[in-house]
Amino acid sequence: MDTNNQNAVKGVGDWFRWHLSKFVVAPSFLMILFFVYGFILWTGYMSFTKSKMLPIYNFEGILQYVKLWKQPTWLASFENLFVFGSLFIAVAIAFGCILAIFLDQKIRGEGALRTIYLYPMAISFIVTGTAWKWILNPGSGIEKLVQSFGFENFEFDWLVDPDYAVYTLVIAAVWQASGFVMALFLAALRGVDGEIIKAAQLDGASISRIYMVIILPTLRPVFLSSFVILTHMAIKSFDLVVALTGGGPGNASWLPANFMFEMTFRRNQIGQGAASAMIMLATVLAIIVPYLYSELREKKHG
Amino acid sequence: MSSFKRNSTLKALLLGGVVLGCASAAQAQPTAEVLHYWTSGGEAKAVKALKEDFEANGGKWVDAPVAGGGGDAQNAVLRSRVLSGDAPAAVQIKGPNIRNWAEAGALADLDAIGKEEGWDDILPPLLQDIVKFDGHYVAVPVNIHRVDWIWANPEVLAKVGADVPTTWAEFNETAEKLKAAGITPLAHGGQPWQDATIFETVVLGIGGADFFNKAFVDRDLDTLRSDTMKKVFDQMRIIRGFVDDDFSGRDWNLATAMVMNGKAGMQIMGDWAKGEFLAAGKKPGVDFVCAPTPSEGGYILNSDSFAMFDVKGDDNKSGQALLAKLILGEKFQETFNVYKGSIPARMGVAKAKFDDCAIKSMNDLEAASSKGTLVGSAAHEISTAGAVRGAIMDVVTEHFNSDMSSDDAVNKLAEAIELAL
Amino acid sequence: MADSIAFTSDRTLWHRIGRIGIYTLLAVFAFYYIMPLIVIVSTSMKDLDEIRTGHLLSLPAQINLDAWTFAWSEACIGVTCTGLKPYFWNSLAMAVPAVLISIMLGAITGYALTKFRFRGANVIFAMILFGCFIPFQVILLPMATSLGYLGVANTIPGLVLVHVVYGLPFTTLFFRNYYVNIPDDLVKAATIDGAGFFTIFWKIMLPLSLPIIVVTIIWQFTQIWNDFLFGASFTSGGNQPVTVALNNLVNTTTGVKRYNVDMAAALMTAAPTLLVYIFAGRYFVRGLTAGAVKG
């Protein structure tokens, strides 16, 4: 559509442009409406049916949810999500923030270091899963390595210990995501107004004070975006478990995404799987909606 | 939007955003897309034999392997292919799952080819039950696997002066000796289905065939909570002491390799493990020995089969029929099962090429069948469908990987199975 | 800029210790990050005996690329022994169009939502943005049904569609947040000069968008190339992307597990995204600085 009409009357041209804008957004919006919201409704409806092998559309009420909260494996997965999620988010933000601050100190070889910290984000766990399995497995990895250095009593067997397996997920997940958080923080640090800092330095403020009082508070939005990005990574974590622990030992390291996959595709319990997917969605909503709300309100005022 | 009705405006709308793939020109050549999860040594060789046979008969084989986890991943892609109305011709599915797919109306009717080939006469009744739905053939059995085997390295057992155990007490004794000698007694991979494999052989050994069926087929809650079941879990706890520290997550064929190279004494695994020994050039009776796990003449049966899905197009339909015919042909049954480690699914196949383990399996099957001690595997979805099998695995694997008491375990088992129904 | 806050003022002992501390810490972290890659690279160059006898981090005695050629063109996946090669091209054929289409749609949507803001634009943006956060498990079954309905089930165009749809929220987010920071006056001035909607986008906005385009390309390409769930659920056999083929290859064993081939295959699968990060990584940080993700 050619809108490059030099002679258009301004009012008419404006009218046209405003509607053109809607027209341009429409395809994307409709796709999202159908593929995101439509599908959520579809799955939501599934969760109220007794669907097993294939979808059945007879409404059965909240039966699947009642069953779901009786399943020990679901309870374990859900608990794991909180243990894994909170540790993963906290550690990744801490690492990312510390690395960014240190990298911002005129470091020699910054480019190379940055690439090293960032590259894990580029690789899928399907690729690194085997390597991580080796590294964390007591028979082949770190435990064996350190023992071969002469520390006979060194033990690092979290991967095969049901109580600790979920922490190995944290190690690998932090490895993948913290470099990205570092990049976010670094970008923000580079954007901090140098003048304010100079002024503070002239006032005799120490470096640590400058960071605590002036710089970190301006990074608040980065903390928030990192938190949101990491939250959704945590809830979507699936490959990680498949590649690293396979959910084991036993069922000790299942996460909700794995539970959903297993129920739907392995155990032919589509209704149950759909119910667990809806709970996952509700968990995301509980965290994301307040964020989106505050984000857009701020925009209006600012 | 409760259901997806076919709606032309919706369709037109969606098509707007899609780059359309061009449909390939129709071919008259019999074509079959085969979705399977046979990717390890002996299995891959066996499926290759099928492919070659199919191609020699003028067919076009479209291979769709989905590796990993005994079919977990395959289930996902199958579900999505069926939902999208583009089911593969033949899919490796077994046990009650065949019935479930048939109930959903997804499978093709094979009665015509079945009649032509006289399947009613050559298939053992037990297998007919599995591959028929409502009296019609919907799937083709490929083989019969025995689950309750011990694979042992005779050299290693000789080191401690032991033979392959014939009772669970003997098993424990031998394992202790091996452990004392610094050898891993039992090669095992800590994956839920492998834990469940050991579990069901112990159930059969300690409880017997009737107990096995009461627990897994009838899902009788009193049986599941019985003292016998507690004894089973007691034995599982003992067995836990016989595996090495790094067993978590190990694949079954790597555990087999441990027996092969003498790192471990024994492995409890179905006879697909034999395929691994053979693929590595080992001789049965010399480099490795096979013996049933201790039980009163029991036999845990596992059978692979190909369910034939409802496909469109003459090329696909004729490919499907050709495949079905070949699978139960004598020649293929022989070559395939020799590679795979299993025994033929049909009667009347020459025994000459089969090794002693396979012959023993054939004889024991007949004996167990007449004695009534033949049971369908619960860990491998013959007597149980996905949900119940999953529930059993959850509890067994949790017990195996923790210090859960046998009392707790039986209660959890009963609860989990109740919940899965 | 931030450079000025480095520890430059006093050259005391403490300062030197601080510097050493910083470098040590950075090095320790570097080791943590690089370790898995070292394991993968060195294992891929060892032969099987060396893998069995040596330990995890030992370097190969000699560089041996046999495993690489084997993984690329000979390794068996099921009964087809073609190596990763065909699947690699599948992934390219999937990733390139999907990245381009999702970026074009995201850019123009972001532009329309910020520079020609209509009533409800914010609500629409929030609704699109929400798509970033849905767990993909929610949409697997409906998507499978829809793909069949559209006639693109088990095809690469089908995967392109899936990735465009679920990449769109991210690309829209990136461009929208970038364009929000471009002064409206630019657009106003152009409007007064009589430039139309698309002319402004094409002539003014796009040339300004280079940093965010780079960020979005990196992000989208990595996400799409690395996807496993969609590839594994919606395709089978010869149409699979390379990540799924890799998983099949690693699980296809013939007697002995060939770790060197597995690792070489893993590295090949990761190569494109790895190269993108190594060569375009600096633009990534620069692009983020330019306001890609609100900071």
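As written, the chains take the letters A, B and C, and residue 1 is the first residue of each chain.
Note that contacts are C-beta pairs under 8 Å (C-beta built on N, C-alpha and C of every residue); 3 or more make two chains touch, one makes a residue touch a chain.
Computed from a predicted structure; not experimentally measured.
**Q** Looking only at which chains touch which, which shape fits best: line, ring, star, complete or other?
**A** complete
**Q** Identify the chain pair joined by the greatest number of C-beta pairs in contact.
**A** Top of the contact-pair ranking: A-C.
**Q** I'd like the Å distance between the centres of chain B and chain C, where a centre is the mean of that chain's Cα atoms.
**A** 38
**Q** Report the inter-chain centroid distance for chain A and chain C in whole angstrom, where each centroid is the mean of the CA atoms.
**A** 14
**Q** Mind pulling the chain A residues that touch 2 or more other chains?
**A** Within chain A, the residues that touch at least two other chains are 27, 31, 38, 42, 55, 140, 261, 264.
**Q** Do you know which chain C residues sit against two or more other chains?
**A** Counting only residues that touch two or more other chains, chain C contributes 140-143, 146, 164-165, 247, 250.
**Q** Return the residues of chain B touching two or more other chains; collapse runs of consecutive numbers into ranges.
**A** 4, 14, 17, 76, 79, 83 - these are the residues of chain B that touch more than one other chain.
**Q** In their complex, what parts of chain A are in touch with chain B?
**A** Those in contact with chain B are residues 27, 30-31, 34, 38, 41-42, 45, 52-55, 57, 67, 70-73, 133, 137-140, 157, 159-160, 162, 245-252, 261-262, 264-269.
**Q** Can you tell me which positions in chain A touch chain C when the two form their complex?
**A** 1-8, 13-14, 17-22, 24-25, 27-29, 31-33, 35-40, 42-43, 46, 55, 95, 98-99, 102-107, 111, 113-124, 126-128, 130-132, 134-135, 140-142, 144-145, 148, 175, 179, 183-184, 186-192, 194, 197-198, 201, 207, 210, 215, 219, 221-222, 225, 228, 232, 235-236, 238-239, 256-257, 260-261, 264, 270, 273-274, 277-278, 280-281, 284, 288, 292, 295-296, 299-300
**Q** In the complex of these two chains, what residues of chain C are touching chain B?
**A** So the residues of chain C in touch with chain B come to 76-80, 97, 140-158, 160-161, 164-165, 232-238, 247-257.
**Q** Per the contact definition, I'd like the list of chain C residues that touch chain A in the complex.
**A** Residues in contact with chain A: 1-9, 22-23, 25-26, 29-30, 32-37, 39-40, 43, 55-57, 105-106, 108-109, 111-113, 115-118, 121-122, 124-143, 146, 164-166, 168-169, 172, 180, 191, 194-199, 222, 225-229, 243, 246-247, 250, 259, 262-263, 266-267, 269-270, 273-274, 276-278, 281-282, 284-286, 288-289, 291-295.
**Q** For the complex, give me every residue of chain B touching chain A.
**A** It comes out as residues 1-4, 13-14, 16-17, 69, 72, 75-76, 79, 82-83, 97, 100-101, 103-104, 106, 190-192, 244-249, 385-387, 389-390, 394, 397-398, 400-402, 412, 416, 419-420.
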